[in-house]
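Order of writing sets the labels: A, B, C and D. Residues in every chain begin at 1.
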Amino acid sequence: MDFYKFSINYYNRHHPFIEEFCRIKPFKMKYLKQSALLIASAVFLMSCFDQNKKNQAEPSVKPETKSKKHWPNGAQLVISVSMQFETGGQPEGAESPFSGTPLPKGQPDLPAESWYRYGANEGIYRMLDLWKKYDIKVTSHVVGTAAEKYPDVAKAIAAGGHEIAAHGIAWDNQWNKNYADELRFVKDGVDVVEKITGQKAVGYNCNWLRRSPNTLKVLQELGFLYHIDDLSRDEPFITKVTGKNFVVMPYTLRNNDIVNIEGKHWSPDQFLNQLKFEFDRLYEEGSSKRRMMSISFHDRIGGTPAMVHAMEEFIKYTKEKQGVVFMRKDDIAKMVLNDPETPVDNSEEKYNN
Amino acid sequence: MDFYKFSINYYNRHHPFIEEFCRIKPFKMKYLKQSALLIASAVFLMSCFDQNKKNQAEPSVKPETKSKKHWPNGAQLVISVSMQFETGGQPEGAESPFSGTPLPKGQPDLPAESWYRYGANEGIYRMLDLWKKYDIKVTSHVVGTAAEKYPDVAKAIAAGGHEIAAHGIAWDNQWNKNYADELRFVKDGVDVVEKITGQKAVGYNCNWLRRSPNTLKVLQELGFLYHIDDLSRDEPFITKVTGKNFVVMPYTLRNNDIVNIEGKHWSPDQFLNQLKFEFDRLYEEGSSKRRMMSISFHDRIGGTPAMVHAMEEFIKYTKEKQGVVFMRKDDIAKMVLNDPETPVDNSEEKYNN
Amino acid sequence: MDFYKFSINYYNRHHPFIEEFCRIKPFKMKYLKQSALLIASAVFLMSCFDQNKKNQAEPSVKPETKSKKHWPNGAQLVISVSMQFETGGQPEGAESPFSGTPLPKGQPDLPAESWYRYGANEGIYRMLDLWKKYDIKVTSHVVGTAAEKYPDVAKAIAAGGHEIAAHGIAWDNQWNKNYADELRFVKDGVDVVEKITGQKAVGYNCNWLRRSPNTLKVLQELGFLYHIDDLSRDEPFITKVTGKNFVVMPYTLRNNDIVNIEGKHWSPDQFLNQLKFEFDRLYEEGSSKRRMMSISFHDRIGGTPAMVHAMEEFIKYTKEKQGVVFMRKDDIAKMVLNDPETPVDNSEEKYNN
Amino acid sequence: MDFYKFSINYYNRHHPFIEEFCRIKPFKMKYLKQSALLIASAVFLMSCFDQNKKNQAEPSVKPETKSKKHWPNGAQLVISVSMQFETGGQPEGAESPFSGTPLPKGQPDLPAESWYRYGANEGIYRMLDLWKKYDIKVTSHVVGTAAEKYPDVAKAIAAGGHEIAAHGIAWDNQWNKNYADELRFVKDGVDVVEKITGQKAVGYNCNWLRRSPNTLKVLQELGFLYHIDDLSRDEPFITKVTGKNFVVMPYTLRNNDIVNIEGKHWSPDQFLNQLKFEFDRLYEEGSSKRRMMSISFHDRIGGTPAMVHAMEEFIKYTKEKQGVVFMRKDDIAKMVLNDPETPVDNSEEKYNN
């Protein structure tokens, strides 16, 4: 239960006692004044104790604030949110609460379609309100056909100071395309979205993360700076693509709304606990190495009231610590691209030459 | 843990201390009286602090109570509960805890049938008790054959001042019917239930929300005021059907008992958390725009003791805020039908001309 | 978090403050004694307030203790636990954590077999320890072949004062047997278990609750008093079988360990919450009507440490209320068989004549 | 919520009150000093009360510390963690978040491969940091091909003082191999890992626990001391293999990360609750019999930040009790191998002669 509720309950509990007590015995100002001072000083002392405790409970904090920082910008932990805008781009029969029992081909699945529209009507705008309230800039992965269907939504994202990243021209498999088709698929998405938002994407996210062996070469050829479809680290790293540096941003399925809320059937409080547990560990590790936390929210899922509430509770939770920074992935990529501390990992070398 | 449990525990914890202490040292009335006053005034001061905190913790509240209201009735948030009465109308092999391993056709699945009877024996009556305790009026979607099998249950719902809405003559697919068959399917349900309850339905809910392209035209022809099988918004909206205004009430699968408790295997405390998280966000948004929260409970699932307890805890939770109103959907529909602030959305235009 | 943990934490938090404070300033006995009295009387007053609160928070309690009781024994709520003893009786490929990927027929699934043995080695004995600790008598549904394989376990159950009920001679479908085969199947189970435990079963539980249309007639012919394979009510009821009264005990799948822990993948704390939510509602209803709560634990699942801990926490939770009684189902059946307040329900009449 | 968060919140709540109060009325040192003493002594007394409560709340503790111990080393509960190192050894299409929708044979599943790399890049090292912080030695089950692919990881495990146990030369079925092939399969794994780590395995864990009828004889022939693929007890036991004693360590699927987090879709807080519930019961039982708690963490799953945080919270939780010891399984096996109190169980006799 959050602390606000606790304090309300505290008040509700004590309110009747006070009245009750007043009936028993009239207040004497002399006592009231005296005890007022006692309480005040008591609270004052307690708060000092708690302050001490605060530091004891987390010995790491003090050292950390002194310790060497592992991000060029001095952050102890960098958090980056991905906001997928896909609604309107989904194919017939795309995953939805109804796709478990599909209708015959050609038969419109009206409630499923309305479920997707939610992302454009409510989801993205609700998330934009939250990012604005806390002055957080996120990276939005925009499907080309989604932007074409809902240009105002795409423009609102860009207008909010958020990164417009690419997510393909359509909601479609990319792993099975040949080089030429894949290049076209990616480039068309970038062009369409740039025309609408004025932003040219430098970051990429594949449909269901499933890259082809050519994807990184395609992205390199198209001038991309980074991709996010790799789960192997909790920090960005460099991989060589046709001999040049390419940034790989960590993707964290365990912090992904669609995987957990739709796929694992979690309740929003479970999602919040996952984020808090993840944060507690990564923040602590941030005092001794470079750590990044990655979270993914999709328009129609992360954009629901309960999930946005969960995210707001998480944001408040991170504010209790120093050195936590929310960033766009393009800014992170630029920051680490030529940083000597950035690890180099060529595990997929055989595909990228 | 709720606060009542906390206070019990608090008592249990301190009880022994007191006795123990008394053994150590007899009370001196002088001290007791003095400290009684100290405590009383302390509690008094603390409660003032908490009162202040209450407002600080939720800066939105004060402004909101001043702010412009977005519902014609001045509510900050309208909550509407749908109570599905379907028991007795289910076909052979309908979803149940046993349908995962179906018996051969024609073989009666006795425990499954008894599971359904629970909805009529216990579920609906338990929910009616809860609505009555808090003077809440809900919308009940009644399957025609369920009302025929359990007329007393249908009558009890109507007698409780609740809305009798239509849910088809039988528990059957509607999306695959032609116009004439669908009209008959809907009309028969309305007529059967009206004969039993004396109420003519003006609101509609399709089996599994799955409308045909003709459904709204059928409903318009039959004089319906609204339907609920749309997930695209968190507020009611107007859509044009054969040129006339038709109200679309938001359906929220994420607040639906059958989807979460049976489908996602949630425990009742998870369901309660979902409702609270959802409420917290929608209530806050209600200060700047029109917001509606929709909850669905089915006779045999939402009507179990644990789920009714969860709902009661949620109702108590909403009482902590001002401007929260529980309403029947027909009353909401009448309130917004001709209200200029009600959004118009013709996304399904191609089907509704 | 339970309160014990809270108090430990409380101590851990304050311990350092004290030492710290002592370093700052030596204690003066005069002050210490004075404040000791203040605290003592403070705690004393607080506890009184909490006591008042306790009653306020739950206005129902007082009235209830005065109100008419709906069970012949004056209980407000009767709880009955079913303890299934099936281990050793399972067929090849029976449900287990491994049955999702079955081995070829004839290939022994050694970890699955060891998982079942757990029920006889640890599960039943652990539950027996718990029932004994709280002086609770339960109903144990014993599969004949399980008792044959583990006679000492069956004897230990009987020796604990628990009811030995029937569960078939083997772990096998019953719904597909003809009358003669079904009678033999049931009778063999009763005889085998009676020979081992000295108790003749009067209560029955079918494999997966799936009765045949003949089951109740078979049970009536064999002199059974009741069966539990019906989910339609939260209290026992009478149904006519070949013209004579037969008791139907409510089975509650939502309080069943195998359904929730193995089937719904719940964690033990979710199971505990389900029981508490269920209890809170049924207890309250118990003041105005007859209510029964039914819980099912299986040897290898409910008998694990975490689940027995959850059950113990639940038992402690029920102790906070008056008028809660744990009973064997045979005792309940005898109590209600000829009680005029017991409802009569002949929904399955067509099968039972 | 953990207590650290509580104290932070406490501070946050009271901080404003103090400032507010200071604005109302300047402090008088006389009062401050007096009340400082009152609070100090109050806290002192409360902590004494809590100390008493601590013991009352858990009457078992005191007796237990006196009671006879059931482990040769006097522990009340022995906990052993298994850390599976398998990454790099997985076959194409091995279980991953992506294996539900497999790609055509031969098509590299790049995100799935990156998910596995996480175990070697982050997972094992993160767990090693945790074990080191609390000076816990674990048993690591190392797949031969995983050690060959990531020798530095295998060496780091050994360098940390942890047990290197065998898990086969490859990630492959073992239950379907004939005696000669199985012996080769096991021996190759032992040899490969010994060459890299310098440790010769004496403990064995089969792929998915699925032993063949020959496995124990194979292990006996190769000089193994114990295996862990048995779920039948909460303590180690002896079984005769070709006439000689062989130790069977309990495996507990309910405390296994892959089963719960990936298989049951639990959130990390659910996993933590499972461990706490399990611990509470086993610890209590440890006062009257020998009890062991077994936990399994896999490189890519248990090694995620949220799960390592959950494990750290659990470790802290166990520190609140006396007599809890974390041990390597080889040390446990040596301790019980010839201990008369160790139970003997020949349930699988027919396979082991």
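In the analysis below, contacts are C-beta pairs under 8 Å (C-beta built on N, C-alpha and C of every residue); 3 or more make two chains touch, one makes a residue touch a chain.
Heads up on the chains, UniProt names are A, B, C, D = Polysaccharide deacetylase.
Quick caveat, the model's predicted, so the values are computed rather than measured.
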Legend entry - Reference subunit A; chain at largest CA-centroid distance: C
Legend entry - Residue-number overlap at the subunit C/subunit D interface, same or different (half cut): different
Legend entry - Rotation angle superposing subunit A onto its copy subunit D by C-alpha atoms, nearest 5 degrees: 90
Legend entry - Distance from the mean Cα position of subunit B to that of subunit A, given in whole angstrom: 30
Inset, instruction - Could you give the separation in Å between the centres of subunit A and subunit C, each centre being the mean of its C-alpha atoms? - result: 43
Inset, instruction - Any chance you could list the residues of subunit A touching two or more other chains? - result: 1, 6-7, 13-14, 17, 34, 36, 38, 40, 49, 53, 265, 270
Inset, instruction - Please give the residue numbers of subunit C that touch subunit D in the complex, ascending. - result: 1, 4, 7-15, 17-18, 21-22, 25, 27-28, 31-32, 34-36, 38-40, 43, 97-98, 101, 103, 107-111, 113-115, 117-118, 121-122, 126, 265, 267-270, 304-310, 312
Inset, instruction - Please give the residue numbers of subunit C that touch subunit B in the complex, ascending. - result: 1, 3, 6-7, 34, 36-38, 40-47, 50-51, 53-54, 57-58, 175-176, 208-211, 213, 229-234, 251, 253-254, 259-260, 263-266, 270-271, 273-274, 277-278, 280-282, 285, 320, 345, 347-348, 351
